[in-house]
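In what follows, chain A forms one complex with chain B and a second complex with chain C.
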Partner chain A sequence: MGRILVVDDTLFMRTLLKNILFSGNHDIVGEAENGEDAVEKYTSLQPDLVTMDIVMPKKNGIEALKEIMAINPKAKVIMCTAVGQEQMVKLAIKTGAKGYIVKPFQAPKVIEEINSVLKS
Partner chain B sequence: MKTIPAKIEAQGKWISAKIEIDETTIYLPEPVDTQILLKSIDDVQQRKNIITISVAEQNYRIATVPKALVILKRVILMGCSGYRLMAYFMSPAIRGGVMVSDAEWEKGAVTVLTSGIWFVSQKHQICIPIADVSGIEQTQREIQGTEKNVVKIDHVENGDVSTSFVLCPSTTLQVLYNYLTDATKGSSLDGELDPLSSQVAMLVYSGMDSHSIEGMLEKSQREIDAIYDRMLGLGLVEVVQTRREVKLTTKGVRFVTEAVKPPTPQ
Partner chain C sequence: MTEDDTYRKLFVAESIENHENIVKNLLILENGSDETAIDEIFRAAHTLKGMSASMGFDEMETLCHSMEDVLHLIRSGERSVDKDLIDILLACTDRIEEMLDDIESGGDSSSFNSQELTEQLKSLISEENMISGDESKRDSQVNVDCPEQTETYSHHITLTVDETSQMKDIRALFALANLKEIGDIISCMPTPEKLESSESGFSGTMSLYILTDSDEDTIRNAATVSEVTDVTIVPFILSQEVQTEEQVFTDGALNSGENLFKIIITVSKESDLGDVRALIAYQNLADIGHIISSEPSHQDLDDGGNFSGILTVILQSDAGAGALHDAASGVDIQNVLVEPFAEENNTNNTIESGSDAKDSEDGAVNSPEKTPEKTPEKTPKKSKKKEVQNIRVEIHRLDQMMNLVEDLVITGGRLRQIALQYNSKEMDESLNMVSRSVSDLQNLMMNIRMIPLSQIFNRFPRVVRDVAIHDGKEVEFTMTGAETELDRSVIDGLGDPLLHLIRNAVNHGIERPEQRLKAGKNSKGTVALSAWREQGNVVIQLKDDGGGISPDIILSKAIEKGLVAAEQSNNLTREEIIDFLFMAGFSTADEITDISGRGVGLDVVKNAIESLKGTINVESEEGKGSTFTLILPPTMAIIEVMMVRINGKRCAIPIAAVIEVARIDRDAITRIGKSEAIPFRGEVLQIHHLNEMFKGESNGDIVVVIQYKGTKCCIPVDIVEGQQEVVVKPLSNVIGTCKGVSGVTIPGDGDVVPILDVNSMI
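== the complex of A and B ==
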């Protein structure tokens, strides 16, 4: 079980991810709807793992990831992306993301990926 | 000419036989005693260690060991009548929204037949049944540092939604895309879904059950059922389970009433 921060600018995707993670026996410690909010919540909540959307207002997922990695180089962040954003994904992995999932996703596979990153 | 020990089906019985095959012809010996030109084969289907080859209206079933089946399929798929091109493919690249970590580009052939899309390389022979293809799209993917046009095929594989990619020269990419789009047009949606129904579709895709969907979208069972009816009408979903709602009978009410009474002191 992990303490997870869910970051996505759409309420629908946040709720969907929260439900999936909850069904995988994970605790949702918080949610954020943009990169700025994500960095703040990461600092205050210190989650075990963050699921981070890439395209978001104010501060995008890559910028937020950079700041989180500066705060904690061992941070576990999984990027959520749409197909066709491979360039972004590559940048995210270089920046320190531990994994990525592609929208739309299926619950069992997402839980598998998250469990694997949490164990690593 | 290669000789392959196999069993061929004749009049409902499996008969041991030695099949002969070369780059243009396959010969099925007695009692079938038929010579088939590979270019006359319209379709190839595989179930476990049995392949069915279709020529016009006639089907021939051949069973053999996996190693021999690989050779047989390779020769047939490279010589049959389907649309075929040399390409690079990655299948599956994504499974259930998660990248397949050991997926790699393989050089080989893509053969599109009536019932399936076959990827044939030195290492693998993968078939995506046309009936399992949920989407065809032209998109870009970064390959060795440059953005390249690829065809993306979404398909259902053992209950998981998977994605495969095909990379080929741009001159043939459009032809492949058009061919695949035409071959799979039966699974395209005629019409549009309203935003709420689209959200329901997304949640079903993610594996949510009806109760969770009602909770997530804050909708009643009746509202969600109405959306399911629309999706059923469009052929987007199928019913896997019917939920029951019950009310207590007089006997049931009596049981509950008795059950909550404090125990009588002895």
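== the complex of A and C ==
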């Protein structure tokens, strides 16, 4: 069970993801709807794990990830991605992301990924 | 509301936002390249794709995906923006809008076939698709942090990523990153660069050598990331002289091409027990070599279940390829592919069997990826616990709630009146708390009902564009103040009249480019829509720099239509003439166009605005353009009023109209014709005695100065009781409209107080 910060620019996706995380007995400590918000909330909430959307306004997920990794090099960030964004995910991994989940989300895969990264 | 409904409504609401965003930015893009606009469109299309995929709206997902592909090329500069592209993308947004309508009413967008559009999009790409030259480099060198020290004892690791993983190469990179933390990677197949490149073509199996002090368990933990199905660790003695990766790879003992093989076995679909056949092949291979990994694993094959028909085995063996091929072949085995297990030369030394070798090879490689679950899980339905942060409420419920709040305000006021009789401190305190909560509740309700004008403004740029193109005109349309908020009821009634005015402005206002040039104007006309708050009201202004309205033409039309007698026309002021525009049955357009509607004139617009308790007026200068100004109350439900008594009776004057309260010198009143006037701060103000309404008049020296459309006047009152927010109750249909009264309010004591309609008084 982990304290998770959910970052996505749409309420729809956040709601979807939150419900999946709840079903996996995780706590949602906060939500952010852009990269800027995400970095701020990461600092204030200090979650165990962040699910980070990539394409977002203001500051995208990669930039936010960079800043979070600068704040805490051990931060656990999982990228939310879609088919076709492989390059972005690879970039994210080089930056320090610990995992990724693919939209449309499949609950068991999401939970598996989150649990595996939380354990590491 | 079921969970599915909740998601659906959330989906529709956010999709509409994204759709509008796309349209808005496409129109920006049409006026010249704009990176921010491209990014925004891309982001919105991407979001739409993700959301529709999550909801299982395949048709919409496909369309958005195609849009995203095109936008991606625009973003990377490989495709330029032109009219064709904008037109097709706009057509796509139209389709999306239809789909959203369908989805909102319970459909799933599948009734819309978007194949034509996606094909158009594809042709856009193929015409100009320039190859980026970003072909993945051939990795002859292996990327490693070459160890300086000479560890002699280490491990060979083979790990297999789940076939169904959507990004196998990234999983492998994760594992590699973890392993790097516990040791030095001497060599890795495929190379990290290869994995990182855009087209890694990663098969799912990675083989590497690591120098590490860690034990097997630690290594296994590091290598086992999500979706890694199999990790094989073989302790490995490195000879002293093998120190660099080149040596590792050229050294005979380690040359993967010689004793490492990848064998892909395809089991016939006709086979009843495919997994058993595969198991047999597995056992046979195990007899002549050391199996490093397999997909599916031995255990999975043993357990049975979802065997896809393809078994992939990585093994080390001294037996030749031919012997391996024979070992793997057997009953029901359709095809066996044996290849040296190395990334670069996997086509060499391949021994194949099977009737259609090429096809089956493709099939062997691709089929696991080609069979995704046909019915993507609807995660919304799966999750049990839920936390909803946004809910959509039907409008009529909000209205009901608003009514209840109003009742509460009234009842609270009445309670206060009653409490006066008892003079109980405790009761007063409780009442104060209640009234504070009620007033908070009232404010909250008002806020909940407030919607930004952007809700209706957003569709206008598209309208302007379409009308302009239809009419062959060039128009620059600007909008400001779209964030200004108005009550939902006002917004609802405002969309159509505004749309009508905007169409008119382009259709009748702006001249054709050649006419404009002749008149010494820029060939491109401007239409500016702006909104702002002013003195508690919201002002919306639509300004064009078109031909303006000619009073002469209006007057002659008015006479022709019998709206005014020719002989009276000389006495009319310019404003009065322009006001004919708003009279029923008046239309100056020489021809009825299919854009601005048929026979619906500005009178309809005026009525609509007035029913919202607003006003409309127009200023126009021939040859220079027209300005329509709408003044609207932000809400129709609650207004701030000044409570006064006239002839002992209470009356409420909307505070927005009140300039000041003053004491006058009755001796200074002068008569002008039938009415009275008084000099006041350098102006002469007309005095309105509301004696008809109140059966008598106030003869005190207190007046309330009110203003409407720049005209001031004053109303004599007995006393000013104070200023308060009141709930406006419309006059019931039984009473009908009553001149001078816009509605009533019921303050706490249960009295019914008329609210003055200043507009109709002055």
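The working rule: the second predicted complex is superposed on the first by the 120 of 120 C-alpha atoms of A that agree within 3 Å, B and C clash if a C-alpha of one lies under 4 Å from a C-alpha of the other, contacts with A are read in each partner's own complex, and residues count from 1 in each chain.
One rule holds for everything that comes next: a contact is a pair of C-beta atoms (placed from the backbone, for glycine too) under 8 Å apart; a residue touches a chain by one contact, two chains touch by 3 or more.
Computed from a prediction, not measured in an experiment: that's the story for all the values here.
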Both complexes share chain A, so when I overlay them there, do chain B and chain C fit or clash?
clash
Examine A:Ile28 and indicate which partner it touches, taking first as chain B and second as chain C; both and neither are also allowed.
second
Check whether chain B or chain C contacts more residues of chain A in the superposed model.
C
Partner chain(s) touched by A:Leu16 [first = chain B, second = chain C, both, neither]
both
For A:Lys94, is the partner it touches chain B (first), chain C (second), both, or none of the two (neither)?
second
For A:Lys66, select first, second, both or neither according to whether it touches chain B, chain C, the two together, or no partner.
neither
With both complexes superposed on chain A, which partner does A:Met56 reach: first (chain B), second (chain C), both or neither?
second
I'd like to know which partner A:Arg3 touches here: chain B for first, chain C for second, both or neither.
neither
Touching A:Ala107 in the superposition: chain B (first), chain C (second), both, neither?
both
Of the listed segments of chain C (77-85, 365-373, 401-409 or 671-679), which one clashes with chain B in the superposed model?
365-373
Residue by residue on chain A, keep only those touching chain B in one complex and chain C in the other, then list them.
12, 15-16, 19-20, 83-84, 86-87, 90, 99-100, 102-107, 112-113
Under the stated contact criterion, what part of chain A meets chain B in this complex?
12, 15-16, 19-20, 83-84, 86-87, 90, 99-110, 112-113
Please give the residue numbers of chain B that touch chain A in the complex, ascending.
94-99, 139-142, 147, 152, 160-161, 163, 199, 202-203, 205-208, 212, 216
Chain A residues within the chain C interface of the complex
9-16, 18-20, 22-23, 28, 31, 55-57, 81-84, 86-87, 89-90, 93-94, 98-100, 102-107, 112-113, 116-117, 120
Considering only the defined contacts, which chain C positions touch chain A in the complex?
6-7, 10-11, 14, 18, 40, 42-43, 46-47, 49-51, 53-54, 56, 65, 68, 166-167, 169-170, 173-174, 177-178, 195-196, 198, 225-226, 376-377, 379-380, 382-390
